[in-house]
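Labels run A, B and C following the written order; every chain starts at residue 1.
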Amino acid sequence: MKLKKYLASIGTVAVSMALSSNIAFAACATDGLPASMDGPDGYPERALTMIVPYGPAGGSGQVAQAMAQAVSDHTGISINRDHKPGGSGTVGMTAFMATPADGYTVLEHIDDASSAHALDSSRPNPATDLIPLVTSQITFSQIYIRAKEDRFTDWPSFVEWVKAQGGKATIANVSKEGSMERVMMKFITDATGMEIQQISFDKGAPRYGALAGGQVDALFEQPGDVRKFLDAGTFKPILTMLKEAPAAFADVPSLTDAGLDFDPLFRFRGFYVHKDAPADRVEWLQWAFQKAYCEDSYQKYNESKFMTLIESFRDTAGSQELITNTISQYRDVYKQMGLEVK
Amino acid sequence: MGNLRTGHIVEAALWLGLCLFLYIYSFQFEKEIEIYKFGASAWPRAILLLIAVAAVGQLLYNWKKGDGGATSMIAQAHDDSSKGSDHNSLKWYLWTFFLLALPFIYMNLPEAIAGMMSLEKPGLHSAKLIVAGIVVLVYILTMRGNYVGGILALPILFGAFLQDFGFYAMAPIFILGVMYLFGERRYKRMVVIGLGLYALLMIFFVSLLYVGLPTGNIGWFYDFGTTMVNILQ
Amino acid sequence: METFNNFLGGAVTLFSDPLGIVIFFGGVIGGMLFGAIPGVSMLTLAAILLPFTAHLSPEHGIMLFSVIYCTGVYGGAITAILFNIPGSPENAPTAFDGYPMTKNGQAGKAVGAAVMCSAIGGTVSAVIMMIATAPIANWAISAFGPPEIFALVFFGLAVASSVGAKTFWKGWLSILIGLLIAVIGLDPVGGIPRWDFNMPYLLAGIHFIPTILGFFAVTEIFVQAENRAKGSYQAPKLSVDFPSFAELIAHKFAVLRSIVIGFFCGILPGIGATLASFMGYNEAVRWSKDKSEFGKGKLEGVISSETANNAATGAAMIPLLALGLPGGALTAMMVGVFQMHDMEPGPLVFLNSADLVWVVFAAMFFANISILFVGYLETKTIINLLRIPFQFLAPMILCLATVGAYAVRGLTIDVIVMFVAGAIGFFLRRSGYSVAGIVLGLILGRIGEQTFAQAMQMLHFEWSGFAGRPIAAALLVAGFLTLLGSIYGAFFKKQV
């Protein structure tokens, strides 16, 4: 019975994927931009460097690879990726800020840069200290359980079971204080009144292994990162952290369905350049990166990561708005949580 | 009893001093973590405690047995301390630590100057160039007559310069410097082999394997680094 | 039988594809070369190649890395023996006896033993891997959680504390200083900066690869510099006499013991080949009648450690493929290769891409066998590196090490860390501390703290919770017994 339901939901995913891909190819956000554009005074005369503050294997590494490929494909300018992982993205950011603002170095970064600035305003603000070229991935989080789980099967029975454990139930989550994941878990536990022990995993693979092996009872994650486990029927989502459930996860309760009243936070990834870079070069980069978003190869990649379920594209102004809103949202939350905001 | 030498006491004091220093600094991160009641500081402090215990244990051991009675034959075979060395005097240590401090002066001083004079990026870069020049000069004057100290410090200095001045510009100087410190004085041969080595490194890593080495961030050095990358790739 | 058929299938797929063959031999030679060039290691090669694998098929990408893994672990032994520079931490114990053998003019014999033992250990391991991975995958995924891994780390440190230092206390001080260095950076639970002294780059933490390069490769150069200054530099004697079969057969028990140790250590996620070679070496010393010969150039030391670390390579693929848990830096990069192709290593790989798994298994089997042939030829050439005058070899090694340290994370701080570690290692060598202990502490420190925190969270901060997990409890008890044993040895037993 449950298996059937699950298969049905997989079917829905497949169908909606097919649909969304048609839509994506039919009309993409930046189809209106010119097909080619000359850079100012022969710029760029050599390869660009993209600093990625995370390793090549994770979500950021992969999106950097897909975007660099798409930009190279349609402009013919190659991009060398320079991975500088460590310190939750702060190290790569520091290294980027030290590079010359000549428009040859771009940065990939995620919403962590915004939350880091919200917590400590001496950190660069991605909306004002940098120029966002494009935001190319925006995604939401879900809570997963093992598909074979029999102690609970859906969100209401999960909440009930967790409450019965008196704080002994566990969920695998990202570790960093003040991170999007931890803040969202706080929202959820506050709204439901359940007490659940979060287990800190800073790397993806052990986090997923912990759920698959039954070391923890549930997992907090974004759907693109656990897609393989969803497709193979190992994990199943029981809560989608959106106000409205997307078609691909129509059977999974949204926040509204679950009666949880808070504004969800999003994971987003985008590309940036120095604010002091020459304006005409920035203009060319904006065109190159925004146009690349609509390259088939990039769109395909985004689909494979569930990044087309909600609108993933923001241009420069849209990204600045997204970042500014995110920062103020985090500031409010941090103050409520009693964190020291500098 | 009475097998203690000054060295043993200094060693124990260094360990305990390090523990105390790091313990005081650990209050900087003594923060509560909502989901982990031991917080960020329990684990490091436990290690500090164990280090203190082991340092005292080592001191007591030395007090009883002196230097003798090593427990591991592997260690005895690898023990270089018995060889005796003229690079052991207090004067040598002081000059060597002075040399070793030079790179750290470069890593901190320009930022401090820029912070005090509230310089922007170009000002910071000039400060870095000036400090780098002085540091190199002091290094050259100090390392004469202390080649062992010089070889210990040169690579760190090279590492400290990498981010600002780049691998491409610094490597040839570094290669020649190491040869010189190793006692090579046949200058023609040094230049030929040095450049050959540099070319080999460049061709293998940059042209063939596309390794992104640091290009540097400052003016002429940045231009040189990016030009090299452009030519080689 | 099914296993054999699968293996044949994998082998046919591997060798029927010209590109596959090219990549296979590229990996074999590349792994050995990078393993054998002082200053860089197979990890450097892997870090450099990782972005390229995006252009290969997943089969080719994973296969390339697993081949590099097998041959690189062997290749690291060459520099350990010839220059006292282990290519990676798993080769560190090889240097204990290998380098003295070089000094005694027996370099060829040591390298020859490394070639044969690596091939034997690796091949046996690959065969067991083929048979055992799937069943173990099913068992381990639920039996091995954070408390078990923490217990294992504790056990590993207790075992390692007795290796290489002058006294019991210095052994532990070495390991503790490694654990202390691992604290620098963000804490693994709350991401809180610790001991960063306001240097933003220190937030990335101290990586073990530059530290290893520093303590071994760079320190060795500094020591040679001092020897030259003192005028006591001696060029190593060259020889290419290989060990006879009789000599190897005489050590058959050591080989067998190391295969067993190596395999069981390798299977454990996070520790893998490093602990394997340390334990293989340690047990060789413990079982030996005449312990005083170890460390002075005893062939059995090289045999024990080299068999064990290659025996761990096949085993290390088990947690990787079965659980998605990498056992070390190189297997962690393999996870990266998987993910670049949008795959997640783990139990699902067996279901979804059995073909890929068997191509990889077959490749590892043949890579280990090819160590015998290519290794023999390579040894004859690499050994000639010793002929280069040291004043020219030194800048080459330092530059290669710079590239090797930098390529891992793209951070210049890693280069500085490496050279500082080199200078520290120079002073530590005079003082009876164990650099290998520091490195092991550094490698295991972070995973130890992290799994400790996870275990405590899972067990609701009750220490008694460990008792409820038999495997964890058994490992902790074994660790304490080892500790008591070494205390007893240090204080109550007459020294040999």
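In this section, a residue touches a chain if its C-beta (ideal position, glycine included) is under 8 Å from a C-beta of that chain, and two chains touch if they have at least 3 such contacts.
Quick caveat: nothing in here was measured; it's all calculated off a predicted structure.
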{"item": "Chain located farthest away, centre of chain B as origin (C-alpha)", "value": "A"}
{"item": "Two chains joined by the most C-beta pairs in contact, as defined above", "value": "B-C"}
{"item": "Chain whose Cα centroid lies nearest the overall Cα centroid", "value": "C"}
{"item": "Intercentroid distance (Cα basis), chain C paired with chain B, Å", "value": "25"}
{"item": "Chain centre separation in whole Å, for chain C relative to chain A (CA means)", "value": "35"}
{"item": "Centre-to-centre distance between chain B and chain A (centres being mean Cα positions), rounded to whole Å", "value": "38"}
{"item": "Chain B: positions in contact with at least two other chains", "value": "33, 35-36, 163, 210, 212"}
{"item": "Touching two or more other chains - residue numbers and ranges from chain C", "value": "51, 189-190, 192-193, 410, 453, 457"}
{"item": "Residues of chain A whose C-beta touches two or more other chains", "value": "82, 95, 177, 197-198, 200"}
{"item": "Chain A - residues contacting chain C, complex", "value": "55-58, 61-62, 65, 81-88, 90-91, 94-95, 167-168, 170, 175-179, 197-202, 205-206, 208-210, 212-216, 228-229, 232, 234, 304"}
{"item": "Partner chain B, residues of chain A touching it in the complex", "value": "46-47, 49, 80, 82, 95, 98-100, 104, 177, 182, 197-198, 200"}
{"item": "Touching residues (chain side chain B, partner chain A) in the complex", "value": "33-36, 163, 210, 212, 217, 222, 226, 229-230, 233"}
{"item": "Chain A-touching residues of chain C, taken from the complex the two chains share", "value": "50-51, 54, 140-142, 144-146, 185-186, 188-193, 200-201, 203-205, 323-326, 333, 335-337, 339-340, 342-348, 351-352, 409-411, 450, 453-454, 457-458, 460"}
{"item": "For the chain B and chain C complex, residues of the former touching the latter", "value": "11, 15, 22, 25-26, 28-29, 31, 33, 35-41, 43-44, 47-48, 50-51, 54-55, 57-58, 61, 69-81, 83, 85-87, 100, 103, 107, 147-148, 151-153, 155-156, 158-160, 162-163, 167, 171, 174-176, 178-179, 181-184, 193-194, 197, 201, 205, 209-214"}
